[in-house]
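Both of the next two complexes hold chain A, though its partner changes from chain B to chain C.
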Partner chain A sequence: MVHITINGKVVKAREGEMLLAAIRRQGIDIPALCHHEAVEPTGNCRLCMVEITREQWQGWKKYVTSCLYPVEEGLIVSTHTPELIEIRKNLLDLQLARCPNSEVIQQMAEEYGLTKSSYESRPDADNCIMCYACTRICEVLGKNAISAAGRGHDKIITPPFGEPPPDCIGCLACAQICPTDVILWTDDNTVRTIWDKKFDLISCSQCGKTTITRDFADYLIETRNLPREYFDTCDECKRKNLAHKMGDIVTAVEEVTL
Partner chain B sequence: MRLDSVESLNRLRNESRQRLDARKKKIFVCLGPGCLAAGSDQILEEFNKLLAQENIKDYSLEAIKKTGCHGLCARGPIVVIEPEGIFYSKVKKNHVSQIIEKTLKNGELIESLLYSENGSKKKITDYRDIPFYANQYRIGLRNVGKIDPDEITDYIASGGYQALARVLTEMKPQNVIDEITQSGLRGRGGAGFPAGRKWATCAKVESDVRYVICNGDEGDPGAFMDRCIMEGDPHSIIEGMIICSYAVGSREGYIYVREEYPLAVINLQKAIDDARSYGLLGENIMGTDHCFDIKISRGGGAFVCGESSALMKSVAGDVGEPRAKYIRSVIRGLHDKPTVLNNVESFATVPVIIDKGAEWFTSVGTEKSTGTKAFSLAGKVINTGLVEVPMGVTLRHIIFDIGGGVPAGRQFKAVQTGGPSGGCLPADKLDLPVDFDTLTEAGSMMGSGGMIVMDDRTCMVEVARYFLEFLVKESCGKCVPCREGLYQLYKLCTKICEGKATEDDLVLMEKLSDTIRKASLCGLGQSGPNPFVSTVRYFRDEYLAHIRDKKCPAGVCRNLTTFTINDKCTGCLACISVCPVDAITGEKKKLHVINQELCTRCGSCYDICKFDAVDIQ
Partner chain C sequence: MKYRFQIIPSLCIGCRTCELACAFSHAHDKKPGRSRIYPIAYAPDKYVPVACLQCDDAACVKSCLFNALRRNDETGAIELDKERCVKCMACVAACPFGCALFDDVHDEVVKCDICEGTPACVQFCPTKALVYEKIPV
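Moving on to the complex of A and B:
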């Protein structure tokens, strides 16, 4: 355990954890767009910036992204100074220019009193805020099917060469982690489409409902050591079957006791 | 040949010196970037061809040497004949036979190829008497332009690897670190971090592996100092790196060079191979226990890869994006191991510090910025080229005494130092001493040493716009303030240049700059607004002229400029001949007229007019 001071209050924090976790545990609301517990922090959105100092720094202070800065004994943290609020507001102003149609961004910006960006919006703006959550979760799965490509303002998230990604297994992790719901996918009967790639969906042998893609099932069989039969039925039917089995046992037990 | 002891190195040095001295007369042909672009490789070829046919006393084929950048690029291609130091400038292929006939055979000078100061008819024969060279003090560039970079024996003859021999046999690693610390050497890449402190930290970290990396990713527009050292004196870098590896306990090093410097890659590779075959790299260097080897890592030319953490990612084979540095790369760098990263010029300086001692080094330069610094002078200055001066000399000394000032008829307006993230300093800052701290205080920075001189025909808003555009393209695009912020700053700057901005936009730009500085992840973003911030600080009037009066005082921004011809016009036809769109009409000795509908506002007429007859409105 280490001791840090957050907004004047001395609190305990777990060694090795990042400042953001320690701050949020205190019930302090700090915005963050690129942060997600499932993936490594990268510090792209900069919204979770805080001011840190130490007694021995003699008034010197610096700004760090709390998602990326590990707690240290004696650290003095401020989370809502006027400068920090101004930085967050300006960052959201920039995000609003990038993604004027994103409800998530609109809502966050409104909390800082912004209804319209001070800057010129991108023509044909989409809702991608370039937080890299999708590429990071894909990396966690060991697939790296999509990536950030290009440089500077023109950087985009894309499969290699903008073609259907050969390594994608249609698991939807990227779509689900996306904070602004920009990654689109469709399920049409037994066919799933994401990143312009089509996948066969497995149908439940009992109820006929589709479950996951065959490629994702293969990936799970290989990496999680699951038997192939596991994917024959959907979760709901599995539950039902289990319930039936339990019911049969109860009946049998009752018969025996009677 | 393997050098297995200090004695064998000394023997080789003596032999090499004797061999070089035996050929009393030498012809040096500069193959630096500027001269090469002007065709100096053909001059070298011609010398080789013609001298092979002739039999001149004192001049054998061996007398011809190719060198790296000699310095005075504006007068290239350069041929120097030693020992007299005869300096022939703007040499063409067809001059070669003349040089052989007159100078080599008969000892006559060719007046037309000799140097003369601008506006003066007095010819200067020996380059050491030319103010451009006489005012310099060369440490990092000591051999550049004087030795053949391909010949390891040339480097050894000039005292090369002597410092390494001393380090390996007479000094403990800690002594080396102490020497560098006492010398006060600060990183020549721009940030000016004390090299000794960096080495000391790296040596102290517990680790089985440590790396030494040389940053040769010189990406600032107009900067070519590191290029010239890598091309012209690669062994000085290698020697500096080996000394560093011994000090910090490293066995493995990398030189990160941008792919756009093909000759640097070739020359460095040759130097590494030669050093290895001489036993100066690899196992048991010079017969001692120290082992160290260097690999070249070629970069794809992303500007951001000059940033330490992005560079290390690139060396490791990942996408070159910076990471947050709450743990410094000297503690956890390449492959998460302690890593010393220094710039080309820093490493090239190290052997001299060991040779001559820290005390000597601190006697050059200022108290807090010791030694010398190389600069590449470019832009509107007469003597464009490569210079090295002691820290603490004034900008005026560099630009006017060495650089010769701005070309005739123009006024000095500003000098841009420190690359895209640096800043522009106006004429009243010309007497500032050039050192790390003063330039930063003035709102610019030392940077790696690019120095772009601007005259009164330069629009400072347009300059800011140009550098911002560069940074927008070269931002890695990872964090929001840099990616989105610099883009918006660039858009607003463009708006000013087009005459569409209001004063509110200027306020917005200042607010935005502050956020980008504070919130960006790496140095590129943090210093990204500098082109705007420094120009608006010193040239606010010019911004306001664009915004309030819809005028570009320098006559550069096309939307805001109209060129007209006044009655000073003598009807000389000069402007008519240079107008690229035939927008000017008029007859000889009669007033010329510009057709505003055809005019593209390029300013060629203004630049060529000798009678001040073209007005900018």
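Moving on to the complex of A and C:
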């Protein structure tokens, strides 16, 4: 346990955790786009900037991305000073110029009093803010199916050579983690399409409801040592099967005791 | 594990009080359809309250690629860390009893967490078909 001061209040924090987690636990809302607990922090969006200082720094202070800064004993953190609000406003101004059509960014910018970017908007803008959340989560999965390609302002997140990624298993983790919902997918009956690759969805053998993709199930069976029959039916049918199995036992026991 | 959640189907009368208790203590909109316990009829007027059994070697924990599901050693429950969950549905598909499920209205995975040690369904079950008790180690 270490003690830090957040906005004048002394709080306890777990050793080794990042400032952002400690701050959010206090119910203080700091915007962050690229942060997700399941992936390593990289500080790409920079919106979670906070001001830190120490008593022995004699008034000196510095601005750090709280998602990347581990807590230290005696840190004094401020989260909403006028300078920080100005920094976040500038960052959102730039994000708004990059992604003028993103609802998430529009909403965040509006909270900081911005409705239109003061910079010129990017022509043919998509909603990608290059936070790498999708590539990082794919890395955690152990697949690395997508990555960044190109340089400078031409940099995009894409599967290798822009072709359907051979390593993708259609789990949708990248689409789900994306803060601005850029990665699109479609589920059409038993076919899922993401990154231009088509996947077979498993249909429940009893009711036909689709669950996850066959490739994803195969990956789980292989790496996590799970029996294949777990993936044959949907959750509702599995509950019914369990009830019937338990019921059979109850009836059998009743017959014996009678 | 110090505690164990037990289902005794022969005592269940299918009153669905557990479902209501769960919905009231957990679900966003207090709808019974959003509960984490499901009394299912296997024969006319014979019910089994199906709920997460908090398996020792749980398929949901094994299937989670992001360590979002972890066992709380105090209550014995497998708890979902919503901050870590990316909604890939691996646990929903992997659970052999279908007891991890996806709430598509609120876009989140829902799983029984034993109400952090005081399960509402157990407290409200009129016939004690649901038991949550300490087990001798």
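Simple rule for what comes next: the second predicted complex is superposed on the first by the 245 of 258 C-alpha atoms of A that agree within 3 Å, B and C clash if a C-alpha of one lies under 4 Å from a C-alpha of the other, contacts with A are read in each partner's own complex, and residues count from 1 in each chain.
The rule we apply is simple: a residue touches a chain if its C-beta (ideal position, glycine included) is under 8 Å from a C-beta of that chain, and two chains touch if they have at least 3 such contacts.
No experiment lies behind these values; they were computed from the predicted model shown.
Aligning the two structures on chain A places chain B and chain C side by side, free of any clash. Contacts of A:150 after superposition: chain B is touched, whereas chain C is not reached. By the document's definition of touching, neither partner reaches A:66: not chain B, not chain C. In the superposition on chain A, A:90 makes contact with chain B only, while chain C stays out of contact range. By the touch criterion defined above, A:44 reaches chain B but does not reach chain C.
A count of residues in chain A touched by chain B and by chain C gives the higher number to C. In the superposition on chain A, A:79 makes contact with neither chain B nor chain C.
In the superposition on chain A, contact of A:127 is made with neither chain B nor chain C.
Superposition on the common chain A brings chain B within a closest Cα-Cα distance of 22 Å of chain C.
Overlap of the chain B and chain C interfaces on chain A comprises no residues.
Against chain B, in their complex, chain A makes its touches with residues 42-46, 49, 63-65, 68-70, 83, 86-87, 90-91, 94-95, 97-98, 118-120, 129-130, 132, 147-148, 150-155.
Taken together, the chain C residues at the contact with chain A in this complex read 7, 9-10, 38, 40-43, 46-48, 50, 59, 62-63, 65-68, 81, 83-90, 92-101.
Residues of chain B touching chain A in their complex: 302, 304, 319, 324, 326, 472-481, 483-488, 491-492, 508, 511-512, 515, 518-521. Across the complex, chain C is touched by residues 36-38, 137, 140-142, 171-173, 176-177, 202, 211-212, 216-217, 220, 224-227, 229-231, 233-244, 246-251, 253-254 of chain A.
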